[in-house]
Amino acid sequence: MTSPLLDIRGLSKAFGAVQACEDVTLTLERGEIHALIGPNGAGKSTFIKQVAGNLDPDSGRIWFDGRDVTALDTVARARAGLGRTFQVSSLAMEMSVLQNVVLGALGKRGRVLRFFRDVMRDAALLEVAREALNEVGLTGVAGTRVADLSHGQRRQLEVAVALTQSPKAFLMDEPMAGLGGEGSARLTRFLDGLRHRAPILLVEHDMDAVFALADRISVLVYGRIIATGTPDAIRRDPQVRAAYLGDEALT
Amino acid sequence: MRREPLLNATVFLGLLAVPLWAWAVDEPFTITLATRVAILALAGVGLNLALGLGGLVSLGHAVFFGIGGYAMGILASHAQSYSALIEWPVLIEGTKSMPVIWLVAMGASGLAALAIGALSLRTSGVYFIMITLAFGQMFYYFAIGWPAYGGEDGLSIYVRNGFPGLNTLDPIQFFAICYVILGLALWVFSRLACSAFGLALGAARQNAERVMAVGIAPYRLRLVAFTLSGVITGLAGALFADLNRFVSPVMFSWQTSGEIMVFVILGGVARLFGPVIGAVVFIFLEHMLGGLSEYWHIYLGAVLLVVVLFARGGIIGLVAGRERRHD
Amino acid sequence: MSLILFIEQILNGVQFGVMLFLMAAGLTLIFGVMGLINLAHGSLYMIGAFAAASVAGLTGSFGLALIASLAAAAAAGALIELTVIRRLYDRDHLDQVLATFALILIFSEGTRWAFGSFPLFLEIPPYLSGPVTLPGGIEYPLYRLAIIGVGLLVAAGLFALIARTRIGIQIRAGESDREMIAALGINISALYTTVFALGAALAGLAGALIGAIQSVQVGMGEPVLILAFVVIVIGGIGSIKGALVGALLVGLTDTLGRVLLPAVFSQFMAPQAASSVGASLASMSIYILMAGVLVMRPSGLFGKA
């Protein structure tokens, strides 16, 4: 039996007296979408920051692809194959859409200290970049400045940049945030296919998307995971119902 | 044709045409002014690499300008006094050869930039500004306190250094050297700006988090940018010292750092020709206003204040709009 | 070196540090509350010194001179805050640097135009001149002792202001959360002008106090400004306590370095070489201190990590 791709054990983080994350254990298996849900203030952001390497946990360890990455920073974790999308679009706003995906491809390829060749004519990088834009349907706006994109297009670009990384696992922080009904339905279909390329740890508020996509769901309340299971099991779990979801959301 | 390239071409050719005209009508002072513009623009190109592309607000670039200047002053003063720079463990003698002096100037300022960058890039934002300013002051006081090379009075070099095949004492020939170097530096800058390094550096300026998330460490990029920036500004310092045949601690002062930054901003930050246009305007103002009033810095301050508060994007921004290259 | 000389130098270091504190406290407050880097703070120091020298020249009263320095610097501070600085709060640091650099040019040349290039002198008043004998038989200038006293009083006053008063609460709220002070219904622009003028007044006071031991001239402010930056880098931005500790560290390092380093080098070098090498190194000592702090704690001794 193979070990999980991402194996998070006993993660804890406190800010002063506030325990933002308490003994969180969670795994991501190959080929699955594991959704993490929880009410606002449950500690989802603190958790994701620790997984991505922005925040050091007080205790606990993170194993990724058979390697202890707890001490690695964000850059090293990205290079190890963790592809991240941000809750608030985090892009180079003054650059074009294409430049942003080329940057992603460049990060994947490495060899950044190239000083004289025009990077926007690098065929290998452009191929990766164009392919990623094509997949999310942004080819038509490749030349547009990111600052001039709509909110929905930025969300798509966020995913496209992660695709250029061809990561071993995706870490997606509310990719549906701010998308309309149609937009999130489209992204849901897209992520559904994506899981076979690399598993997704999905932090999401959009319950339709979560229950449609997730193989497993973990529920985080006050920094603790109160339940982990299939969508059906989570739907039926009395503790989850009481603590968080409320009956009407599940029907 | 877009306005910015047209403006750039006009300025670059104009910077060549004016001294050529002055040479034809025998106005050496005008040639010297144009040489000053070319050298200060070169210093600005160096800063623009860190400031414009990298977003590193360095208020300490006088360090590199000064090191370049003192590299020239120290080497040339030993050559003119026929004394060795170091006798042990290896004999190092002074030199009056410009190419050698340039290499030393670039090497020394690059090393200084690497050291200062390695320390100050551990921080960011307002800390970075204060730290670069402080290191500049350290070199300033060191130059004043170090009696071997003139201390506060500086060093005079009697004859301009030589360049193989040229008579550097002829103003137009010295101008030609500076002009060609400026052209080369602009070419290097334009290549860097569209290279893989330039893309990553620019992205790190706009959003460091994004760059890290794709597996690129901003620190290393910024350190390289800061070092290259110091190298170019150091070369400008060596040329400036040769233009004046004089170096003094003033080259290290915070005012010098401020003025180099002013060229870049007046012209347009991150624009290829920003420092060139800024240096032209600065020297022009110095001349026009300096002729009107002894206290011309008041007017310079007022102009700068107006540009910062109301004309963001500098002169190129005013002429060419805020339009940018989109691929 | 004798113990007495050593203690004297420590007092000199403390006096220097206390002056740096007056500069750094204003800078760090302005940065903490408004997020603004103000290069023109040195100009306010200079304005305080010129105001004091002029008023002392006209009236002969040192007390009036000090009041004038506070008033002139505070007024100049409020004036530039209302006309220029408040346009900069939402700008990036580069714009702040340039605009306040422009203000330096205007203030420095304006002062040169008004007062000329020759330095002015501010006399120490008779009741503060001459040495006093401290316990242990140490003779020390009364005026410098008075400076230390004033500086420590101001420090205590600032701590009390921030910990105890309404405006202090507003300042602390402003540091942690700009939107919160708006939500509390506090008039932000009035608060900002007040904080800026307060910082300016401290700088002006420092300029006047130092003006009596050094000469009063154009360009006197910027070297002190840069040292105050070193203090802030060491102490941590936004922290008054950091400014006090940093200022004393810098003051002591600089003063003791100048005395001790040449002495140390003279143990194994020729006297003349020792004094020049020692002096060169001493002029670098505070920057080396700063570099050391940067390596250990990039956000300063008392800065938020």
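Labels A, B and C are assigned to the chains in the order they are written; within every chain, residues are numbered from 1.
Here is the rule we go by: a contact is a pair of C-beta atoms (placed from the backbone, for glycine too) under 8 Å apart; a residue touches a chain by one contact, two chains touch by 3 or more.
Here the structure is a predicted model, which is why all the values come from computation and not from measurement.
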item	value
Chain closest to the assembly centre - both centres taken as Cα means	B
From chain B, the most remote chain by mean C-alpha position	A
Approximate Å spacing (C-alpha centroids) for the pair chain A, chain C	49
Distance from the mean Cα position of chain B to that of chain A, given in whole angstrom	44
Approximate Å spacing (C-alpha centroids) for the pair chain B, chain C	31
Contacts with 2+ other chains: residues of chain A	none
Residues of chain C that touch chain B when the two form their complex	31, 37, 84, 87, 93-95, 97-99, 101-106, 108-110, 112-113, 222-223, 226, 229-230, 232-233, 237, 276, 279-280, 283-284, 287, 290-291, 294-295, 298-300
Interface residues, chain A side, partner chain B - complex	52, 73-75, 78-79, 84, 86, 90-96, 98-100, 102-104, 106-108, 110-120, 122, 143-145, 161, 164-165
Footprint of chain C on chain B - complex, ascending	51, 57, 59, 119-120, 122-123, 125-127, 129-131, 133-135, 137-138, 141-142, 144-147, 254, 258, 261-262, 265, 269, 295-298, 300-302, 304-305, 308-309, 312
Residues of chain B defined as touching chain A within the complex	191-192, 194-200, 202-203, 206-207, 209-217, 221, 224, 324, 326-327
